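Just below is one structure, and these are the notes that go with it.
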Amino acid sequence: MPEQKISILTASLAVESRTAPIPEPSAKQVQIAVKSVGVCGSDIHYWEHGRIGPYVVEDDLILGHEASGVVTSVGSEVTRVAVGDRVAIEPGVPCGHCHECRVGRYNLCPDVQFFATPPVNGAFAEYVVIDENFAHAVPDSMSFDEAALIEPLSVGVWACKKANVAPGARVLVTGAGPVGILCAKVARASGAVEVTLTDVNIERLKAAESMGFTVHKSGVDSPLPEKSFTAVIECSGNIHAINTAIRAAAPASVVVLVGMAAHGNVTVPIDVIQGRELWVTGTFRYAHTYPTAIGLVSSGAVVISDLVSATYGLDSAEQALGHAHKHPEDLKVIVRVS
Amino acid sequence: MPEQKISILTASLAVESRTAPIPEPSAKQVQIAVKSVGVCGSDIHYWEHGRIGPYVVEDDLILGHEASGVVTSVGSEVTRVAVGDRVAIEPGVPCGHCHECRVGRYNLCPDVQFFATPPVNGAFAEYVVIDENFAHAVPDSMSFDEAALIEPLSVGVWACKKANVAPGARVLVTGAGPVGILCAKVARASGAVEVTLTDVNIERLKAAESMGFTVHKSGVDSPLPEKSFTAVIECSGNIHAINTAIRAAAPASVVVLVGMAAHGNVTVPIDVIQGRELWVTGTFRYAHTYPTAIGLVSSGAVVISDLVSATYGLDSAEQALGHAHKHPEDLKVIVRVS
Amino acid sequence: MPEQKISILTASLAVESRTAPIPEPSAKQVQIAVKSVGVCGSDIHYWEHGRIGPYVVEDDLILGHEASGVVTSVGSEVTRVAVGDRVAIEPGVPCGHCHECRVGRYNLCPDVQFFATPPVNGAFAEYVVIDENFAHAVPDSMSFDEAALIEPLSVGVWACKKANVAPGARVLVTGAGPVGILCAKVARASGAVEVTLTDVNIERLKAAESMGFTVHKSGVDSPLPEKSFTAVIECSGNIHAINTAIRAAAPASVVVLVGMAAHGNVTVPIDVIQGRELWVTGTFRYAHTYPTAIGLVSSGAVVISDLVSATYGLDSAEQALGHAHKHPEDLKVIVRVS
Amino acid sequence: MPEQKISILTASLAVESRTAPIPEPSAKQVQIAVKSVGVCGSDIHYWEHGRIGPYVVEDDLILGHEASGVVTSVGSEVTRVAVGDRVAIEPGVPCGHCHECRVGRYNLCPDVQFFATPPVNGAFAEYVVIDENFAHAVPDSMSFDEAALIEPLSVGVWACKKANVAPGARVLVTGAGPVGILCAKVARASGAVEVTLTDVNIERLKAAESMGFTVHKSGVDSPLPEKSFTAVIECSGNIHAINTAIRAAAPASVVVLVGMAAHGNVTVPIDVIQGRELWVTGTFRYAHTYPTAIGLVSSGAVVISDLVSATYGLDSAEQALGHAHKHPEDLKVIVRVS
């Protein structure tokens, strides 16, 4: 049985390089030789804390869910993808049969299998398998790093869609980390005529400013004017930012909560929500976003290569996690598997 | 100058019967001889506390904004309403020129003039004037009491619209006061196949049950199952009910906050909002609802006459307020002006 | 191998009673003993003409797709339905994997298998099998005839949804056959305050009138006023009716074309569509409507038992087709299989 | 009484230079010194044929409705615009009181007063007056020619909005005249990942290609694949193009008819509309689009200066009309008034 190299998080939260059998695709799956994997805040959180909310690392877990690669083998019933295809991997495969799946909201499927979410393994490995519908071909013009970042870009596509970002929008994004930056980039590509990013981290604001966005240092610059943004996307999970986000929203506009707060219960000004008839919602991953995200990068409407700040090999996955943890101003650290 | 009788709330929160000049309509206004006026919780609140949030009774104020009557005179440019028309009075007249007005959201007009909201007088009077577009003709088959209740029924029409109540909906309404009951009635008339009302007041629940709704005694009956309602309308303003409402909402559904909480800041489970991608919104009055509300009563789709529990004359307006205050289980007290 | 009785349409368009093996359910299917089957215009059309557009009866075909029954056996992976359940059968099973299925529009699946559409057999048989997700349990209070009519009622639910029929709507339905009547009934249950049906058949109009709808005899009564309906549903397929429907639509409203015209190309007033910014759309079957349709009948919001005009046994299926063909004023003929 | 120069179309369809009194603004109006006016196909049509559908040139008429200028005087109640402001003029002023105005669809106001539409005069004049809400300030960075072209750009903004053009869209625009090109530019700025323009005019296609769009020569290139575009905008008014547009639309997508056909009645494939559940609609001018259009040009998301092909003085308005008539490949001819 052929073996591959993997990087694994143990239950004692150590990261180890090991070997493991190469997974074989079932009838509707494809096998992919992994090329690039982005490090996400959730990977760091599992490594540091061993859990995210109800998801607990009780056994060995392969991290990494922002991944790209090349198809190396396909199952007997696969029709949409071929060996040799370069693909962006959509890391959550829903059941396909429940009510949420049938109405088209597969991200809310209660039985979704999502990479690097206990007990489902992720992509810090030489090979992964996935249902063919979740291996999205990308053009040759797209790098594997970019193809890996289609995953966080999908978060931005989904958030902008929920927020009704459309031509003419004035958009506020609170939190200038990678997700906030990607939301801002999608907003601009959607016709937003003004995009403002807030953060407390001056390095992140500098990066945002260099990308052409208006920036606002939370708690230092004068408060954002009330009711001034027609779409608001909250990406920090910070309680103050959530309240700022709601107060900055124009009447009848949408406030999308993307960032996860440390505690699920948060105090919000419902008198403002009522008095302006705001729509406060949240995102849980995304659905049907990969073709759009791939198209936005391919067409040049969104540039994402400028997020990559550092790269490591698969054997150095722990260093990659450590780098991302220590340098939040480095927007995206990539593990290049091969 | 002809005089009329009015009932007025003084700055010291006494209710007095007085006389005052009969108002004359301007070019686009109509003069209406008031017939019936419903007592609303907000009237009681002003009478008891002298304020609602930022609105303070600093001067004499005529209460009452749920009103009907007969047109007695029309301005020189009035074309839609004629003397003798029986009308339901829509009590908030927006500016007509601001951004909110122009996009069709006139309830969010910052310059709206709303009856019985300081410093704008209400309808506990023999005569009122209003812009012709806000005097809605009702058929002869509709009583003046019913025509007055078109106002709170409008709240229900607006809430159900925001909540996407449509055929097949399973609707939860928290709070079985007059607004909750009217929301439930509109929900049923919108094709909801299940409508559940919650309250702590057993008398209100009995009334709701007699109208054919499923009822649930908050804190006594076993908790409502999570994710079980496809539309949720919160009408109590109670913090526990707000949280119950959010937890009972099915994935991707809308939770509409109609009831005003005692404090504007409320702690809510945003992890639930995010994990289910709920839409939490609120209502501020209503817009374009009068023709619909009148049509629902005229067609028989909604019965509202069963809400009227007691009636008083204009001279007894304070007793009417007192009755409504002491007997929350009496859904609607009416002041019959003439 | 156990045998059952079936009624079959031969390629020479004769209807014959035969025996055939009883179908066995696969892992996710259920086997159903058929109880009631409604005769649809499409059944009559296949019987009379041997084809509907691109669908041609080239081989034996079992007709009937409006069906109900009792579950008699379930496949090994079935979890939602149990033996003994009384069910309404949703007769079109999509592939579940294509783009349309994944976004929730399974009625547009190009690979749907639909009862009584060549070469897929229908329900004029003692037993059928179907995917468990398409066997919808109904309460004991619902008759098997009613459960069979959930199928055409679904057409009405889907049409009203597309037409944005909501509380306050003024709805025009052109064509007072069974589908038009069911659209009208759903419209009323959705809060429409005015529902008008047109037809040339005076018997159908009498039936519609007896159900409480406003009726209009096309070509005899004075023309319907332009722009007077806020939602329009065309159920006749008649070219004049299509034009009447468009002209009667209020600005910015939706015109839903449900009836199939004899020829696919129809001349329409696009200047009216443009000048009023109408939305002209059509329906192709329905999606996600069964739970709603079942709920509307169960709750009493829609009565459908009054459509049943005549019943026949399975051996008399051809008489049932003949009856329905000769008596269009008889809204629904049912084949009672057992 | 001060006089100004105007260019006027007489009832005998001659264009003459004359003098006329300078109009004074009423209380809520502003007076504007006109700077640039674009020549529109409708101007040419009035000049050539004396009518467009029901609108007939029965008296002298000043043409021109794509206009910009500088505010020279304001009425007593004007608050939003000041003398000296550089403005784009929105040429249609609705009544503000009818149902369509109140619900926010002011473009469908039956009493709208629209520049250069008999009997309302247009902007081929040194001065015009207009309601302050329809004089939109533009930044100094925007030229007067660009500010004039905000009008046709608004048509593109409105069409893309109706067509649901959003990130990831694959858009077909039939007709590569100025309106088609502007629709295509807005589509790209809205995140469309593919924009194809069709025309029969090779010069127009060359211009479109030079702007980065995919082009398709109607009737020469192989037919467009069926179902391949997720949004379709028809800008030619050509019957063949209308049918091509419908057939090219993906399931459940929108087809927006912007171009006016020579005859109001057009034969369309309703079997395709039904079988794919398409939404066919049209546009009548636009509403609430000026701020968005100005923002798109100001932010650089849309470049419109490349449409200007030739300029003339006010005294040469007839030559400007003649130029535009003879050279359809010249996308936009401008009359520079001062």
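Letters are used for the chains, namely A, B, C and D, taken in the order the chains are written, and counting of residues starts over at 1 for each.
Just so it is clear, a contact is a pair of C-beta atoms (placed from the backbone, for glycine too) under 8 Å apart; a residue touches a chain by one contact, two chains touch by 3 or more.
Not measured: the values here are computed from a predicted model.
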Chain pair, A-C or A-D, that carries the greater number of C-beta contacts: A-D
Inter-chain centre distance, subunit A versus subunit C - centres from mean C-alpha coordinates, in Å: 43
Gap in Å, rounded to a whole number, between the CA centres of subunit D and subunit A: 40
Multi-chain contact residues (two or more partners), subunit C: 105
Chain contact topology (line, ring, star, complete or other): complete
Touching residues on subunit A, where the partner in the complex is subunit B: 53, 100, 105, 107-108, 162, 242, 251-252, 257, 260-261, 264-284
Complex interface listing, subunit A residues touching subunit C: 96-97, 102-106, 133, 288
Subunit C-facing residues of subunit B, complex: 157, 160-161, 166-168, 186, 188-191, 193-194, 291-293, 295-296, 298-299, 301
